[in-house]
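We call the chains A, B, C and D, going by the order they appear; numbering starts again at 1 in every chain.
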Amino acid sequence: MSIKEGQLVYLYGGERASYLILYAPGRRFSTHLGEVILPPKVSFGDPLTTNTGRKFYLLKPTTSDLAMKVRRTTTIIYPKDAGYMLLEAGIGSGSRVLEVGSGSGALTIILAMAVGEDGKVYSFERRKEFMENAMENVKRAGLEERVEFFNMDPASEGFPVENLDAAFVDVPEPWTLARPVHEALMGGGRWISLSPTIEQVQMTFDALEEGFVRLKCVEILEREILVRRGKTRPRERMVSHTGYVVTASKVNAK
Amino acid sequence: MSIKEGQLVYLYGGERASYLILYAPGRRFSTHLGEVILPPKVSFGDPLTTNTGRKFYLLKPTTSDLAMKVRRTTTIIYPKDAGYMLLEAGIGSGSRVLEVGSGSGALTIILAMAVGEDGKVYSFERRKEFMENAMENVKRAGLEERVEFFNMDPASEGFPVENLDAAFVDVPEPWTLARPVHEALMGGGRWISLSPTIEQVQMTFDALEEGFVRLKCVEILEREILVRRGKTRPRERMVSHTGYVVTASKVNAK
Amino acid sequence: MSIKEGQLVYLYGGERASYLILYAPGRRFSTHLGEVILPPKVSFGDPLTTNTGRKFYLLKPTTSDLAMKVRRTTTIIYPKDAGYMLLEAGIGSGSRVLEVGSGSGALTIILAMAVGEDGKVYSFERRKEFMENAMENVKRAGLEERVEFFNMDPASEGFPVENLDAAFVDVPEPWTLARPVHEALMGGGRWISLSPTIEQVQMTFDALEEGFVRLKCVEILEREILVRRGKTRPRERMVSHTGYVVTASKVNAK
Amino acid sequence: MSIKEGQLVYLYGGERASYLILYAPGRRFSTHLGEVILPPKVSFGDPLTTNTGRKFYLLKPTTSDLAMKVRRTTTIIYPKDAGYMLLEAGIGSGSRVLEVGSGSGALTIILAMAVGEDGKVYSFERRKEFMENAMENVKRAGLEERVEFFNMDPASEGFPVENLDAAFVDVPEPWTLARPVHEALMGGGRWISLSPTIEQVQMTFDALEEGFVRLKCVEILEREILVRRGKTRPRERMVSHTGYVVTASKVNAK
């Protein structure tokens, strides 16, 4: 199974020398460990050698790679949070989901992977330059067919979509979206928001008290263990806070 | 969008009174907060009242619900871990994945949700009674078309499948599977294992040194925040350890 | 060095069979692993055998033991928090410290250990029955000479002591004590409070903004590692939240 | 209570502008926020103003300050760990303790604070240049009367002291000291070691199995909460691993 032109590959030469690049036969790529030339016929898992004799591998990008290696105009969502959020949303192939705050498109890519070819991500972003960067990142990942972008402010205008399975909210004032998101979701649909401060969480809980049940807030921490013969220990520094995840389920008035 | 007979619903009456049940019109269901009768025509998000006047809601199950509410014959994988593992595997709709150790089928369900109708989960379990329970749990979740179960020991026999995108290994001795998994994976395919002890991780790293690169070990922690007006604080007790996740990418010999 | 009558010993027969008891020659003590008789002449570190053949040891109690094994009328402070608090207070032998909220006397004991024979702990408790229990616990630990108890409400009356090195505040509304504690402390003296909720911390910070600098809030987590040959891993459940520690330094108006 | 010449003061101008300095009347001290002149008569808690108009305060150093601001020739122990270790050692004013591995003297200072004027710290360091730096740091903190330094390797020679209350072991191979420490401790005396890797912990446990009971391993984590009106959240990065603390109690053979 050869890699095709235009396909994304994860060029891996160690944790500090890894790149998400588009494959083209004969393409030259420079790293601080030397230059590689992508061969005309090559498969995932194949080794390459730089002109300075260092070994690289052409790996299949993970979803985390696709998300973490976007061109960033904003802080991006971390896989540790996104993975939890996906499972709490209950979405899968064919799901139709809302994203408010496209940001750099990292979560957009993760959602597009999850909903598959039959699903759809409706992604809203107020700032045009952010949206355009997010679109570019999604396109690079080859997922543009699964995402529809909107350059608008849904807090005032509401969403032009409805009956959605889940809504992912990553904006500074999520509580302003409780009403419009409620209208856009199907009954039982899931609210998933991520906020860095505890006050944002408190205001979000207040806003969700009407029309939503099963409110929950968690924090996800990721700790790397360095496994080295005779010297195994946790990494000495870590990202200790990204944000709090708030989840809830829409209920119908009756 | 009415709920159809045989569809799973999450009957929610608070965190300590929630049940994953199969919908049937007129079905009676008893809880410690009273009995509910499922109405003939009902939608996700609708409220119900028990004979003792307590309110319940018919919610759409999340993927976490499907996994956490299986009938357990083994310890099961937690959503905090499974979410991270999914994103590290880079799988999506259409992926073909290996699962070694079906266990109670909790991860099987999560994987089946992720690969969609066009994908396939090949799930191996040595103990017949575990496999049968896992099959039952997968069937109840309506995902049996996406999963093929095998009652065999792949450490000695190898896997009758190949060219897979990722392998999820949850057995006591993952290192014994490094060779057979390597053969079953496509180039660049991902190894994802979960083990409770640090010695298992060390032996797994040793075994993966040949044929795999990009070895990484992380631990994922989930901490709930109780958001209550004027009394917000982390929950006082938590599950502080489930297991260490080990990830790696298969490379081709050359 | 024989153990003297009336001295506290930590009778240790495993993590689930350990007792803080007063030594008396010939004393019989019943445990779920059988009965021991304390010999007439015995030293710390000596083994004993129960009538059912189980081994116990007479250990020297740690400060943590003295604190954790008090008779409890309230939730008590944990050593992980108390240790950090001590070092942040900068106290040592000869220090004079304030404690507001004697509680069960666990922190009182820790402070009395720290200030030594030349120091003094002034401990305030509004509820008489709590104070009496705390006094009893301090006396049992043989530290009553180092502690002076007051059954009063300092929020309204102020403290009848001054020029103290540090103040330890463990009451539900620490912010009400910012003024009276400021008056009782020496210049540069330390405020150390512990509160379970984030709102208490926020109100405490607000109250300390006047008259204090160097405000800091931390949370201390303790995680046990079970070290067993071939099966080393963190304990599966832990106390994930006791409280937030707030520290500050008194400054002089000028 | 004026500050005396030669006394340590914590010159505080914010978290990124704080210095542990020796007081001398008229001393000039330059910071990146300007220069201060220490007035001839001044008390802890007093404010100062730099020549550029920035405010500083003369605070009483905490024990943490004394430890964290030593001149470092080695990695130093953190207060979060040292506080826990102190309480587990059960030491107080008058205790006689062993320290193996003086390092930069940070823990030496903490121990000297704890044992008071009537206690003694016997501190062993193999490398002469480390010992001399540690001595300098202890002297600067005014605690040299309480500490006796030894430039020797106790693993081969044993300790020239005995009947000690506790031993603090911070060397790369703590297990080599199990025998000599056992001889130096009183019955029931406490072993406290700190090691960064899990393999060190495992070897230490093995070595302590003879002659010690009540073996325990914990990890202490410190997480700072940034309390800012409307924007309260944990700090985004933290020190996630310093070391594992191992504690045990010496028992007598019989």
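The rule is simple: a residue touches a chain if its C-beta (ideal position, glycine included) is under 8 Å from a C-beta of that chain, and two chains touch if they have at least 3 such contacts.
Being a predicted model, the structure only gives us computed values, none of them experimental.
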Pair joined by the larger number of C-beta contacts - B-C, C-D: C-D
Distance from chain C to chain A - Cα centre to Cα centre, in angstrom: 46
Gap in Å, rounded to a whole number, between the CA centres of chain C and chain B: 44
Centroid distance [mean C-alpha coordinates] between chain D and chain C, Å: 20
Contacts with 2+ other chains: residues of chain C: 198, 223, 232, 234
Graph class of chain-chain contacts, one of line, ring, star, complete, other: ring
Contact set on chain D toward chain A in their complex: 196-199, 223, 230-242
Residues of chain B defined as touching chain A within the complex: 1, 12, 15, 43-47, 57-67, 79-80, 82-94, 110, 113-119, 163, 165, 186-190, 198, 201-202, 205-206, 213-227, 229, 232, 234, 244, 249-252, 254
